[in-house]
Structure formats: structure tokens, C-alpha cells
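Listed after this line are the structures, all set down as C-alpha cells.
Two complexes come next, and they have one chain in common, subunit A, joined by subunit B in the first and subunit C in the second.
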Partner chain A sequence: MGFTEETLEKTGQGEPDWLRERRRTAFAAYERMPMPSRTDEEWRRTDVTGLDPAKFATLEHANGHKQETPKLPAGVIFEPLSLAAHKHRQLVEPLLFSALHANRDRFAALHAAFFTGGNFLYVPDGVVIEEPILRQHFSHEGGTTVLPHTVIVAGRNSRFYYLDEYIGEEEEAGYRSGSAEIFVGEGADVGYVSIQKWGRHAWHLADQRARLEKDSRLRLFNITLGGRFSKTRVEASLVGPGSSAELKGIYFASGEQFFDFHTLQDHQVGNTTSDLLFKGALQDTARAVYAGLIRIEKGAARSDAYQANRNLVLSEHARATSIPMLEIDNNDVRCTHGATVGPVDPMSMFYLQSRGIPATTAKRMIVQGFFGEVLERIPFEQARTLVETELEARLG
Partner chain B sequence: MADFEIRDLRASVDGKEILKGVTLAINKGEVHAVMGPNGSGKSTLSHTLMGHPGYTVDGGTVTFKGKNVLELEVDERARLGMFLALQYPVVVPGISMTNFLRTALNAKRGYDGKDKSKMISPKEFRSMLKGELEVLHMDDSFLPRYINDGFSGGEKKRAEILQMAMLKPEIAILDETDSGLDIDSIKFVAEAVNRMRGPELGVLIITHYTRILEFIKPDFVHVLVDGKFVLSGGPEIANRLEKTGYSEWAEADESAVLKPEEIA
Partner chain C sequence: MATVPKQIEIGSDYKEKYGFSVPEDYIFKAKRGLNPEIVKEISWMKKEPEWMLKMRLRSLEIFRKKPMPTWGADLSVIDFENIFYYLKASDKQSKTWEDLPPDIKKTYDRLGVPEAERKFLAGVSAQYESEVVYHSLHEELSKKGVIFTDTDSALRDHPELFKEYFGTIIPPADNKFAALNTAVWSGGSFIYVPKGVRVDIPLQAYFRINAENMGQFERTLIICDEGSFVHYIEGCTAPIYTTDSLHSAVVEIIVKKNARCRYTTIQNWSTNVYNLVTKRALAYADATMEWVDGNLGSQITMKYPSVYLMEPGAKGDVLSVAFAGKGQHQDAGGKMIHVAPNTTSTITSKSISKGGGRTSYRGHIKMYPDAKNSKSFVKCDALLLDDQSRSDTYPYNDVDAENVTLGHEATVSKVSDEQLFYLMSRGITRNEAETMIVNGFIEPFTKELPLEYAVELNRLIQLEMEGSVG
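Right, the complex of A and B next:
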């Protein structure tokens, strides 16, 4: 058992040689690299000793359930990644795993070697798609591995919205990812939302990484609800002047869930803006670790970066840790960061209850209100409604 | 027995005894004013009556509709018919005033998210709101805003009275409602309260200054000093305080009239 060369060859069956070769390289990296240990700074508070991906070596080929897709304008390519790799090699080959690197760690390598399903979206220059593109990724059985990968390419001055929704059965175990590479071309405007709802016993490790060209805008919303263990890296590189990234996160953890977020606001050039806010609520014995880095390179003058992580701790035994980090090599920048961890404000509870609202309802309203400032920024209604509904259901 | 009876109420904050035995009987239809200098225990009285978690009851009873209010949760007291207009209304981000008002009204009607027949209809809700907004000279632009978020002092106090008007309590406690208010706001607030006055409502106005009593005429005035009532009587007491302040009670030599520069 375990992930073998045989599994690898089977996974890559029918794919073009360049892609199969890439899978092999990633697989070699997977075999070569050790599991991250707690002596690595990034994994110090994140314990993966209980994880052996080989236990879940059966791959599910979740090709992205074909939903009703809006009529896409001419020139737009929207296909399963493996098909796009054949038909549009010149587009896919240079970008696939160019933002996310297989050799970053063992899990990234596993994902790059065995990714199954996922989509490729290419929106040509100047094309605007009003209707959001909605994608659902399902897992169908416990004990398996599901590794969807999304590649989004936004041409110059294009504008569109995209939703990746990852759905598993509540009680399902297994190994899951759900990664995305987003290339935002000059002047493009992209809204991307991911909602992670894998089963409550699943291990989830994923990377979302964007690259923003001149004057482009990305609004990325990461919603994390599922998994017994979930580690997500959300990273944006601002490589063109005038680009701006809004990175927002919502997480709600209960029971024994453990969530880890690692974010990067990477200002490589000047006159760039990043605005990050991750808000989470934790109940029961759930735990969250947030570590966020703002990196401003030497030449990136007049950059503006904001980073905040806010945690609402709803029970005595839930815990949240927040680690903001700055690496600034230029003095002519504006940089703000902050983190809070605290319970529901007793004054707010008193106020709502003093109007006859029962404690449980009051608490739910306050938690919903806490998420409100992020919810209302979600750039398209379908995603906003979906997230609201999910949160309501979880808040009970 | 009066409709709302406070008997020998004693309460403390952080281990410090503040209320040292307060007894007061309020009937519906009456307006009582509790006046007192700073630190006399006025806010402790209002917050203890409503069940604020920062105040500890050390003794006494508060009886309303056959129940000892002090044994009830805050929300149960409210649903029983009590209302507290706060001196410092709380800002609650993320919850709109509309959602707040609607949820409070539904809670009062016993709607728990299941029996939709108990839920207030959007139409009824809107028409209720409209009337009350007019009386308080408020427009509906504040309804989608978060609870008290970015409200001016006057808006906050008017919003408190709006909540009172919507929830129609039987015992309303107005805690320093006139503090920080300009004269127009006081008039609007007083007009709204006076409209609600009647055989179904008992009011307890808690105030340092006599000013609000010019607009909402009390039937009874009680002077609270150092956690106890030192004087109770009719509205004439307010007139007396207007002249002499709290100087009769040596330790509390404070005026009961706002100096012009203190008027917001």
C-alpha cells in the first residue's frame, strides 16, 4: 500500500508526457522529503505526527462536478485540468505549479504528484464574465485521497468571479487538499472564493497562491469549516505596481477541529496594496493557529499592507494562537497589523439579553455579526449566501 | 402590594457595597424619579434591577408579576416586561438595528425560530417602526446601521427610547437618559416617553440633574445618597434640589442643575 510509482503512472494515464514527467519529479520530491517536524518554525504548533498519507492511498478522481456553467464568452477556456493540459499546452505548461512548488514540503509534493481533477480557467484579455463560475468538488467515500487543483488565468483587464466549493460527508476521514494558483493579469479584477467543507475526520492541506500583475485586483476569500485537521496557506505576490490584494478568511471550528493558516503578503514592487483580515470563531475544544507574514522588498516603496487576525473564543477550552510577522526592507511604506483573541463581549450579551433576546440567540447574533464585516465584502452574492447559510447551520 | 416592588435591595461591585438597602414601590401609571449625586448608587440600582453581570446582589427582593426578578435571567426580566434604557448604549458591530429590533420583538412574542405564526410580519414591523420613528424625529437611515455604531450621543439615546416604544414594557428604567443630550433631543425623547405614559406603564427615571424632569413630570421623587434613600416625596423635591443641590447631605455637595457649559 501507500503511494507508489504504479499509482502515479495510473494517475497520469492519458496525460501528455510533459505533465507525467512533472508528476514523476514531484513524486521523487515526496519520497525524498521527510515529514515536517515540530522543529520547523512553520510546524511548531501544528502537529502532523498522527498523519500518514499512505493510509489513504486510494485516489478519488474528483473531476469537479459539472455544474451548470454560465454561457462563457468566446475565447474563454474552462476545462478539466488534464484535458486542458492536452489541448492548451502552451497556456498550461508554463503556469501549472509555477506559483506553487512541489518541493516546498512533503504535502505540496504529494499534491503535485497525484492531483486529481480540478479545473483550468483562462479568460482572455478584456473579457468580462458577469455570472460567477461555480465549481463543486466532492469526495464520495471515506479513507481516500482527494486532491483537486485549480488554475485560473485572468487576461489583461478581464473581470470575473470564481467559487471552489469542497464538499465531503460529515463523518468522512481521508486526505484532502484543494489548491489554487491564480494569475491575475495586468488590470484584471478577480473575485475568488473557496469554501472548504470536507468531513470532520479528514486531513486537509492546501495552498492558495496568487500572482498579481500591474494595476490588477484580487479579492480572495478563504472559508474553512471542515476537516479534523486543516492547514491552508494563502499567499499573494504583488509583482506589478498598482496591484492590490484583498485576502479575507472566515473559519469556524468546533469539536476537536484544528485549523492552521499561514498567510503571505508579498510586496515585490512598490505602490502595491494588500489588505488581509482572517476572522475565526472557535468552540468546544477547537484550536486555531494563525501565522501571517507581510514581506516588503527593498524596492517596494509606497506599499501599503494591512494584516489582522481576530478570534472569538466561544468556550473555555477552545484556543487560538496568532503570530503576525513583518519583514520590511523599505522605509517608505505603511504597514499595520494586529491580532486579537477573546470571548464574546459580556456587555454585548447583556445589551441584547436586556431586550428579551435569549442568551443562545444573542450569542449567535454576535458571532454572525463578528463575521459580518468579512461576509459583506464577499464579492458575489451566490458565495455570500452560501457562506451565510453554512455559518448559520453551524451556529445552530 | 405595588406592581413592582423593590425591598431592601443591597448590591455590590467588585466586593464594594454600593446599595445599602433600597426599598421602592412602583405602580403602573406612575413616574418615579431617583435623583442622586455621583457615586450614590444610581447606576448600580438600574443595572442590578436588570441583572447586569458586573453587579452582585447581596440581599433583598424585587417582585414583579409574582416573581422575584433577581432570580431571573436578564432576557427573562425583559420578556416579563422590564426595560432599561442605558446611560451608555453598547455598540455591537455586525448586527443591524433592524435585525436587533425584529429579533427582540419576536423574542417577546415567544417566537423561537420555529412557530412562524408568532413571528412579526414585515408589514406590521414596518408600520410600527414608522410611527415611532416620526415621534422621535429619526429617519430610517439608521436602521441598516450596526447597533449604535457611529451613532451620536443623541442618536444613541433616541434609539434606546425607540426600542422602548417598540417593546412596550410595563416597567421602564431610564438611566441618565438626558446626559449628553442637546435640548432638542431631550424634547423628542420626553415627548416619546410622555406618549407612552399611561395605566400600563410604570417609569423609573434615574438622573443626577433636574432638567429632564421639566419635560417628563414625575409623580414621585426619591433622593439616593450613599446607597440609601434619604428623602422621598412628590415633585416638589425636585424643585428643592434645583435650588440647593445635594448640599443638604454634607458629603455630597453637588448641584442638581446643569451648568451651561455642561449642556451638550
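Right, the complex of A and C next:
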């Protein structure tokens, strides 16, 4: 079987020509490009030899449920992407896949060719939405491919929160993504949270990329819990002076789960700030790979960048690899990074147990405390509660 | 630094003082280029046993097959066919300082070898043009059974010991440049410290490159038997030449149970040298291996001293300093491979980039499944002195063992305005102030050096800083 031109044409049915053409170009790239091999630096520690996306060539459309969408102020556009492509071509065409390039690798191409569903949010200049916009994306069957794509455009001085929740109900393997492009306009303030809870047998490959204009602010939280295999790239380009990106991650892996994160803090201009912290706990035989890069371009003076990855290893057989990298081309900057991998501190355990707290409870408290630092930074209540509940259920 | 460093007039007469080159006078000079005939000729000149010749030829094959590394610095300009692979300055080994050829003595004079160092020169094996020409073993060391000789003599005089260890820590197939070195190696130091013997004075060797387009492929092998201690120092200076030269050394060290070895390098090749060195040590039960590695010179350096922690209780330590000026790329770092449980390691890296120079820290911490309860900590600090310079950090941390602790920290910054203002408000010029700050920045490194080297290093930094900013 596999992905065919026929599938492609069917997927693009009813869409405007420019978008169908774009899908075709991406499909050609998919056909042309080889699978990443372990000689590619990015994939050295990430084994995709067991993955053949063609096995999951049935597409599941996940236009998703709008749940409790607040009454949106006038001028706000919030529509399924395929519909927005028709109605708001001048907005969608220049931005769609401008931050995430289809020809980056085979998986990105597949996503760009066959993205099914996803949403387009446009918030005009000066508009503030107090209630967060919550979206859920479901997959119901095994053996399928589900590729939601989110495009968020924040106008000048706008402010709002957005949550993408990816939920898998099936028990069998499938191919999943959940990518987002976020364009933060001048002076805008965006809070974005994604929670990935695909089924425990799913292959998940997704890219989240943001572009920050002058004096804008983005708080992006990536919560990864699901999938048998999950690889996510979280990237922010600071292109306007005064912009600031807070990139935070929480992951909890158990059983045989494998999580891979590649992050990028791309300071293209000066007076920009980025603050990254990815914290994960690993149980059973789970594995995590983190590789992050802070890139300070030549002209990006007075930039301030922080990058940290902390891994808590809860079992004897869980493993973590952490590669925090810096490429600094300007001297007038402050860049700091750190990485740790380690077990639960025996002193803390002893302290709690000596006060009569059973070992399992003590361990759970320590893990909760470990995540607390990131949890409390999640910008809106709904997402915070949701993540807390999910973590609690998993900690048992 | 507690005291204000005395401003010395180095910058003005750099060329005169360090840019010397004495006329070439060689007994034997192999042809340029690399082929089995040249390798055979080298082996024949050295009157080597058959097994060594075979190993050299096999290594040459490996070198030819291996691709050039595509990561790190750009090595595409190296022309392997345009290099002399062997030179021999005089046909007889000198016995005492007085016997040294006057030209070589003059070289040392011009280098300004510090007084303290001359004192130790009796124990120095000074390498001039690839092969050790001066060698005098301290009587006391001899009595204790310590072997300190050049590697060529070791092959002749201690064949069994030599064959047991040579090429076992860094086999020829390890990487392209290790293969090249094994094929054409010449000179270097060989040290054997018997059980329980502590060598109190540091053993030192001065390496020099002199002929234009000459590669230097020294090979060092250090064996520290159980419970012993040795500190080996190599310092390098090289005259300035116009065409590129290649330095590709291999250093192998074995530190047995309870032993400790410290290996100190101050690398100051002239800025046209490609310095591609493989250094590796094996540390056994409760042994300690310390690499103290300073890189100031060369055009490109790629060097990652590593310690394989083979048995419980082994400890590895890398202290690395890199200074990259105009046109230089220092790609340095360290590797710690934890194989056994309860092993510990630390890497401290300090790098300074100036005038468009680039420093990269590249490190690897690997904890194999058996390395339970091991600990590792890496700290990298980088100082960027101007807006043309660049600094990178590439730390690779792989943990496959249970109950281990691994930490990595790095910062990149410039010389802070507050510090500069503080010093300048006390009447210190900007340049002096910056020099002081840089010397303070690398102090954790300098304080690990013997005094005379620390003084020399501070002077070198001063020299590099001269006329830099402001």
C-alpha cells in the first residue's frame, strides 16, 4: 500500500489549488528523501529503523472537537486549516509551512503533504482574549496516520492562551504528529501549551516552531506523555529586538517509551531573551534523549539565553542522554546552560522516610516537587490542572 | 592573580624572540609524501624489528581507507603528499648538555627556557626535529628502576615491555590520524614507573618543529605500575613559518591499580600548524589520571584527552584551557568513558576567544551499563573578548548505567564592564586590566602548573593580549 498520489489528491479534495500544489511538492520531497540514518548526527541516538510510515497509510481526519471555545472577539479567525485556506488565503498562504519546512526531512515532508485537520487562529492587533482556547485532537484507531497542524498568528499587542491536546484512544501502533507554527507579532504575548497523550504504541514525530517579532513574548510548554516513540523539535527564532521566549518541557516516560527532544533557541538579533528548561522523569526501561542548541548570531548583542535539561532516573534500567550545545558568535551576551542526569536523592528520601512517610509516597512527593518548578509556570489554570492530573495518574 | 603582572616588552620583539629558525642541517631527510616505500625507509633507518614495520604498513592501509572527519574543524586543506614524514637532526644521541650541538643550545637560549626549567634539564629529553637528540637520565630515577627515554630507544632497549603495550590503548584503526601516526611515528617519550615508585620531580620534554612543511608524529607511551606516581610535562613552542605544517601525535597511558599519573601540556605551536592529537589513558582500580591541557598556539587544534575508567574507584580529571586568536580554531575538550562501577570524573574547560578566533568545547561522557554509582561533572566557561570571536559548546552525555549522577554546566560571557571599570578606576590601562582578568579567568589552570610553567603561561597570555582590544 503506502502513501500514493491518489491518497494525496483525496486528502486535498476541496482545498484551494495553491494548497494542493504545496501538498504535491511536499509529497515529492517525501518520495525523494531517504529515511534518516544513524549516521546523521540528529538521529544517532534515535532509532527509526522499525518505523515504516507507509504501513499506516490510512489517514484519520482529526479536525478535532472545539471544546468550550469562548466567545471570540470580533475579527478573530479560528477555523479548520483547510477552510481558512479558502477564506483567508492572504493570511494563510504566506505563513503556512514558512516556519516549518517540508524539505527538512522525510517526516516533515510527510506531515506537510498529508496534514489532516488542525486549526488556524488569527488574533488581530490589540485584541486580548482572556479565556484560553482549548483544542483536542483525537485518534481512534490503530494502524492509521493522524497529522494535525496548528497555525497561530498573533497580531500586534494581542494577548491570548492556546492549548493543543493530543489524545489517543487506541491500543495499536500508528503514526502521529502534532505540529505547530506560531507567529508572535510585535508586542504580542502568547501562551501555548501542548499535551501529547497519544496511545502507548504510537510513533509520534512533531515540530513546534515559533517566530518572535519585536518586544513580543512567548511562553511555550511542551508536555510529552504518550507514544511508544516520540520525537519533538521545539524551536524559537527571536527575530525582533526585545522579544523573549520561555520554552519549557515536562516529560514522564515509563514502560518501554522512548522520547527525543531537539530544541533550538535561535537569537537572530540582539536584546533578546530565551529561557529553556526541560524536566523529565524516567521509569522502568524508558529512555530519553535531549539535544538542545543555543545559537547567538553575530549581530545579536546583549542577548541572554538559558538552557537546562534535568533528568530524574527513577528505575535501575531507565536511561537518559543529554546534549546541551552552544554556538555563540557575539561577545556581549550572557549564555548559561546545564544538564543533569541522576537518581532520586537518597538524602531527601531518608528525610521523608524518617518522618514516617512510606518509600513510594516519598518518591512520588519528590517527583512532584521536581516537576513543580515547571508546572507553576504554566500560564493558565486549565492547562496547569490538566497537566497536574495527568502526572498524578501516571505517578500512581 | 594577587600581584599586578609586570609589563614586559614582549610584543615588540616577538619575531626576534620567538620567531627564530636556525638553518636546517639534516643527516637524513626522507622525501615528501606518503607511500609504503617511505614507511619502509623510516623503519629501515631506525633499524626496527619486523613486527613494527608490519604494523606501520598495516596502519598506512588503514589511514588510506578511513575518510577525513567531517565534524569539527575544516581539515580539507591538509596536503598529505606535501609533508616530510621523517627527519633526523644528528646521527648520534648526545649524552650531556655540553655535548648538545650548539645550534640546539642556541634554540633553547632564544626560547627563553626559564631558569628553573634549565635546572631540570638534566632530566629532560629535548626533542629537536622529530627525534630525541638529547637525553640524560637522572641517576636517581635510574636507581629506582624508572625508565625515561625516547620512544625509539625504548623499542630497541625494552622490546618486551614496548610490545606489550604499544598500540593497545589507541589501536591504529581508532581514527584516521592515529593510523597516520602509527604508520610514520618518530620520537616521543617512553616512561615506565615500577611498582610503588614515586617520581617527585616532573619529567619534562621539549618538542620542537623546525623544518618547513614538516610533520611531527611523535608517539608517547607511559606505564605507571601499581601504586606509582609520575608527572610528565610537555611544552611546545615552534618558530613561525609560512606554509602549513601538521602535528599529529599519539599519547597512550596506562595507570595501574592505586597509581596516579598527571600529564601536563602547554601547546604553543605557531599559527600555521594543524595540531591533531589523540590522547588516551586507561585507569585501573583506584587509580587517578589527570590531563592538564593548555592550547594556545596552532591554526587548528583538535584534541580531546580521554580517560577510560576500567575498574572500580578509578578517577579521571581533565583540566583544559584554550586560547584562540585571529585565524585560530581550538576544538578541544575531553572524554570520560565510565566502564566500571564507582568511578568518578570531572572535566573543567576554560576557553578564551579573541580577534575573530573560535574556541569549541567538545566533550563526551559515557556511562556503560556496568558503571553503577558513578559520578561525573563537567564545567565549561568561555570568555569572548570581542564581537568577531566565537565560542561553541558540544557536550555529549550518554548514560546507560543505573544510579549515576551526571552534571554539566557552561557559561559564555564577555569581560564584564564592572570588572574593567573597577581596575581602570585604579589607574590600570584597559589592556592591562583585560590581561589581568584573562589571567584570573584561567587561574584554576595556572595554579596546577609548576611555577616556571605558570610564569611562562602568564607571559604567553600577556603576549597574546597585547594590542588586542581598545
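What we mean here is this: the second predicted complex is superposed on the first by the 394 of 396 C-alpha atoms of A that agree within 3 Å, B and C clash if a C-alpha of one lies under 4 Å from a C-alpha of the other, contacts with A are read in each partner's own complex, and residues count from 1 in each chain.
Rule of thumb we're sticking to: a residue touches a chain if its C-beta (ideal position, glycine included) is under 8 Å from a C-beta of that chain, and two chains touch if they have at least 3 such contacts.
Quantities reported herein were computed from a predicted structural model and do not represent experimental measurements.
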Between subunit B (first) and subunit C (second), which does A:G372 come into contact with in this model arrangement: first, second, both, or neither? first
Just to be sure I read the superposition right, which of the two partners does A:A362 touch: subunit B = first, subunit C = second, or both, or neither? first
First (subunit B), second (subunit C), both or neither touched by A:E316: second
Subunit B versus subunit C as contact partner of A:R159, first or second or both or neither: neither
Using the touch definition from the top, say if A:E327 reaches subunit B (first), subunit C (second), both or neither. second
Mind telling me which of the two, subunit B or subunit C, contacts the most residues of subunit A? C
Between subunit B (first) and subunit C (second), which, if any, makes contact with A:S354: first, second, both or neither? first
Counting only touches as set out at the top, which of subunit B and subunit C does A:R104 meet: first, second, both, neither? neither
Going by the contact rule set out above, which residues of subunit A touch subunit C in the complex? 41, 45, 298, 301, 313, 315-317, 319-343
Residues of subunit B touching subunit A in the complex: 50-54, 73-75, 77-79, 83-84, 86, 89-90, 92-95, 99-100, 103-104, 107-108, 112-113, 146-147, 163, 167
Considering the complex alone, what residue numbers of subunit C touch subunit A? 71, 353, 382, 384-387, 389-400, 402-414
Can you name the residues of subunit A that touch subunit B in the complex? 345-348, 350-359, 361-362, 365-366, 368-373
